[in-house]
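Pasting a structure below so you can have a look.
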Amino acid sequence: MSTEVATIGLTHGASEDTGLGHRGPESKSIVVPYGFWLFVLSDMVLFSALFATYATLTNATDGGPTSNQLFDRNLVAIETLALLISSFTCGLAMIAAKRKNMAWTQIWLLVTGLLGAVFLFIELYEFATMVGEGAGPQRSAFLSAFFTLVGCHGAHVTAGLLWIGTMMAQLWAKGFREHIMRRLLCLSVFWHALDIIWVAIFTIVYLIGTLP
Amino acid sequence: MLGKLSWDAIPFHDPIPLITSLVVILAVLGIGIWVWRKGYWPALYHGYITSTDHKKIGIMYIVLALLMLVRGFADAIMMRLQQSLAIGASQGYLPPEHYNQIFSAHGTIMIFFVAMPFVIGFMNFVVPLQLGVRDVAFPTMNNVSFWLTASGALLINLSLFIGEFARTGWLAYPPLSELEFSPGVGVDYYLVALQISGVGTVLTAVNFVTTILKTRAPGMSYLRMPVFCWTSLAANLIILAAFPVLTVTLALLMLDRYMGFHFFTNDGGGNSMLYMNLIWVWGHPEVYILVLPAFGIYSEVAATFSGKPLFGYRSMVFATMVICIVSLMVWLHHFFTMGAGANINAIFGIASMIIGIPTGVKIYNWLFTMYGGRVRFTVPMYYLIGFMLTFVGGGLTGVLLAIPPVDFVVHNSLFLVAHFHHVIIGGVVFALMAGYTYWFPKAFGFTLDERLGKMIFWCWFIGFHLAFMPLYVLGLWGGTRRMQHISDPSWAPWLNVALLGAVIIGVGIVLTVVQLLYSIKTREQRLDVTGDPWDGRTLEWLTLSPPPHYNFAVLPDVHGEEAYWIRKQTAIKQDALIDEPDYQPIEMPIDTPTGVICAFFASLCGFAVIWHIWWLAILGLVGAFAVFVWYAWQDEHEHIIPVEEVRANARERRRIRMEHLHSLSQST
Amino acid sequence: MDPFGRHPSCFRSTRVVSRIALTATSILLLTACNRGILDPVGPVGQAEKTILINSTAIMLAIIIPTMIATVAIAWWFRRGNKKATYRPDWEYSGAIEMVVWGIPLLTIMLLGGIAWIGSHDLEPSKPLASANPPLRVEVVSLDWKWLFIYPDQGIATVNQLVVPEKTPVSYRLTSATVWNVFFVPQFGTMIYTMPRMTTQLHLQADRPGVYDGLSAHFSGDGFPGMEFKAQVLPTDQFATWAQGSRGQGGALDAASYAELTKPTSYVKPMTYGTVSPGLFDAIVADRVDQLHLPIPQAAPSVEKASATPSGG
């Protein structure tokens, strides 16, 4: 998503304090992340609709395989671990960026991206296995909902990887400029949000789905 | 290579779409050539198409809305004509496959491409001015949002020339909209167009919530914001909460249609009731996305033309936010007849009625705004009073529909059709026309012709009542909606009255064009030199008409609820403007073609998806990503307006204001 | 500036016009009433009509004064009126705020009570109280016609619903293709018919006659032709009709049902003298082709096939 904005209306003359604590437009370093947070919130609403769909259709297996027969907790545990660690390394990248340490920022971003790729690879492997077993999304409404919910998260991770790659290139080319820092902040917000959504997926889809 | 696309997609054998297509293509070409010959192209390109100026983007939204209004109205009159003709033995002039496309297109276009861009256009134009700032929070994204909306509108209209449109109604309920029952590309046009414009709408909401919450003039605390800003905030919060659900709903249907998933299909365990719920989780809040800003417009109009502050401002704000929240909890009233059970029906029915309370409060507050005022019967005021008289009726039928046992007999009927046109025309359209008249001089520097304006009002007012009161009657007779043919000949007189009403509305729309052309021609007589033609109360009237790109040379300090009114009264009392401030250079966003290029790739990709031309779809996506990266790589997103220019403009404005002030103090 | 004051003559002409309009409207309204849902023939429709009219009256009691006040206030406080007091700073009054919140609040509380009680009394799946045992009818919406199966009589009709008077009728409804709504305006409550799901509805008609029925939910190109006649017969005549139809006409089995499902519109009423038992459940389960086999009761598609808690 575009986080790039132009400055607007920030150069008003010294205005008097009207006593209400409101002194005019906020600076860009506030406005841009705020807008991005709103976007992330709307993304959360999007996922909540997908969760609702999954919850509605979870028993609509149409005689096909159920969650208990399909999900492999161990594989998902590794997947989850990869994503959780990537969130941590993303945080490390932000700390390095704050200290204007180019090498470590790039390294941690790279590690974050690689862990994201591992996550994505495991997910695709899981999908491929299921499709191979005849449990593809066309099999039943339950599987349609499963592939869509998890796949939508996967698509977000893919977009995040593209973003990480682009950010690394931009950082390399342009250094720690103010707008690059803002974008990095948005990227980390995005990446942590994906983590939060994954925790919900892990709980609602995989843990509850494999209860005996 | 070209997927499902072939020459069969062009309607060579259907005169209506063929001739319409040719006329539209010729008109577009003609206008293009005219613009080119007159040498307006650079001005159009730099001044509008690539503009990041919220005012220009607002104007583009409203132009789009007016164009689409003509299209949507053409659909409406065709439906009315068909229902007047196809009674008893006659089948009329439209076979079902055409008629069904027309009512589907009418609903889709009127909501998504008339009402939405109109409302968003006003938000764009007005909100930053009323907040006393220079632009929205994300000007480039604003331009992108507009072009994505336009891209959706383009695809919808393309369906007239290439292929077909959905024949499933404006919400495309499955299983009818599933591949099994609708194998053509019509539903795909619907889905893809709405997905693209929906992205634009969500970005708009992000933009405006940020703008309103984070960028306001100094001193403008929340409870000093004009009511239009509050209602815009509420509408955009609803967009943020509701539009992602629409995106999901349409995406799930696309997965069913394109990849054989089973969300809403009859087989595979699909659940079509789920679609009904999801689409109305978006659909009902959508009504308030439209009507809340409309309430905001009425509030501005009521205060200005009554010469008084809005009565019960805080109450109004509270009522707005109550509606904002409750609107998300009432969706189930759209299908009481699904058999959900008495408790669920009753709870959702009562929740729906609760919205009537803050709405009723608003009506009374406008009433008491006029009380003790000096009411000027201008065109916007006509619309306000017309709205108050009309809307209470629409509210009445709305509460009736919210009572489950009443809904059991009028659900889906012509009674319902009459009800929602009652509130959308009487509530939203009247507000849009009022706002159009009210803010036109701010945008272009001259007012619209008053006499023609009043004629247009009467066309809408009378036309609406003639067109829809008969439908209430037919609904009480048990008449249902979406009928291509009517068996009962006794309906004929009522349908003919409805047709007459539609024709009168049509006259109003033609007169709107006449009014615009006539007002441009005679603009010298009605120039707005002061920037404050209506004796306004909010900050947009502080600056000149049309305002400079940066709106305000210095951001105004706000000292009360009606920022400009207070300032004006102080100036009149002291017979002097406030001291000249220290001007500074202003940094403003530069124009960018990002939005239009983005929309080009989005349209390309959308068209490719509709026709299953996969290589083109991938090309479109790659193109969009490339534009994105290219834009992100730019370093210069702002340019500086030199202090000399700011100072010169500001001094000119002060001179005009002083003259105006003297003329005021002489007259009193 | 002021459009009303300038032309006193327009008052006279509007008065004439309004008188003509008033007469015309009253004539139209007289012919308009007593039709459709305003002329119910059974207890359900009657109750719904009563709620409709009562609620309208309650709201009109608020709305008409509001409309009059709107015009009167706007007119009295017009700019040209020297007698009106201009109070440019009057923007708040706690008492008025109380009233403007109070009036809608009380109205909605009253109407909310009506809605709550009405929803429970008139819940479609709730059986009607009656001395007569209910008649069972199974309704299937097809592309684009209605199939009515009388499981106890062993007959079926297309586009013709026949019910005895003063007898509650218990409908089970489903759809073979897309969604429709079963609606006989003069009977009362309408309800969705949905594929792979059943809904339940209880209606009663007390006045013999022939009434219009329709689908009240758009279902495709043949939709306007989905009309049917609902005939209410005196009880003895209904028995005679059911007896007479038995064995007459064709048989409705898997083969003839397949023939019937072909999309047609404006279908003339017809009767089947025999019906394969379990046809309705087979349609709900989408297993009509296996109609001769027993239908597995625990089939997953039947299991979820319930739109109402008491349905299915």
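Labels for the chains are A, B and C, by order of writing; each one numbers its residues from 1.
Keep in mind that, in the parts below, contacts are C-beta pairs under 8 Å (C-beta built on N, C-alpha and C of every residue); 3 or more make two chains touch, one makes a residue touch a chain.
Note that the coordinates shown come from a computational prediction; the quantities given were computed from them, not determined experimentally.
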Checklist line | Chain nearest the global centroid, as defined over all protein CA atoms shown | finding: B
Checklist line | Of A-B and B-C, whichever chain pair has more C-beta contact pairs | finding: B-C
Margin query: Can you tell me which chain lies farthest from chain A, using the average of the Cα atoms as each chain's centre?
Written below: C
Next item on the list: Provide the C-alpha centroid distance between chain A and chain C, rounded to the nearest whole angstrom.
Entry: 47
Check: Between chain B and chain C, what is the gap in Å from one C-alpha centre to the other?
Finding: 32
Checklist line | Touching two or more other chains - residues of chain C | finding: 300-301, 304
Note to self: Which positions in chain A are in touch with at least two other chains?
What the structure shows: 60-62
Checklist line | chain B, residues touching no fewer than two other chains | finding: 267, 269, 271
Notebook entry, point to check: Which positions of chain B touch chain A when the two form their complex?
Noted result: 52, 133-141, 144, 202-203, 205-207, 209-210, 213-221, 224, 240-241, 243-245, 247-249, 251-252, 255-256, 259-263, 265, 267-271, 274, 278, 281, 550-552, 554-555, 557-559, 581-590, 625, 628-629, 631-635, 637-638
Check: Given the complex with chain C, which residues does chain B contribute to the contact?
Finding: 96-97, 100, 167-169, 173, 175-176, 181, 266-267, 269, 271-273, 306-313, 315, 335, 337-343, 345-346, 349-350, 353-354, 356-361, 363-365, 367-368, 370-377, 381, 385, 388-389, 392-393, 395-396, 399-400, 402-406, 408-413, 454, 473, 476-488, 493
Check: Hey, which residues of chain A end up touching chain B in the complex?
Finding: 1-2, 4-18, 20-26, 30-31, 34-35, 38-39, 41-43, 45-46, 49-50, 52-53, 56-57, 60-62, 137-142, 144-145, 147-148, 162, 166, 170, 173-174, 183
Item checked: chain B-touching residues of chain C, taken from the complex the two chains share -> 1-4, 28, 32, 35-38, 45, 47-49, 51-52, 55-56, 59-60, 63, 66-67, 69-71, 73-74, 77-79, 84-93, 96-97, 99-101, 103-105, 107-108, 111-112, 114-116, 118-126, 177-179, 181, 183, 185-186, 188-192, 194-197, 199-200, 212, 214-225, 227, 286, 300-301, 304, 307-309, 311
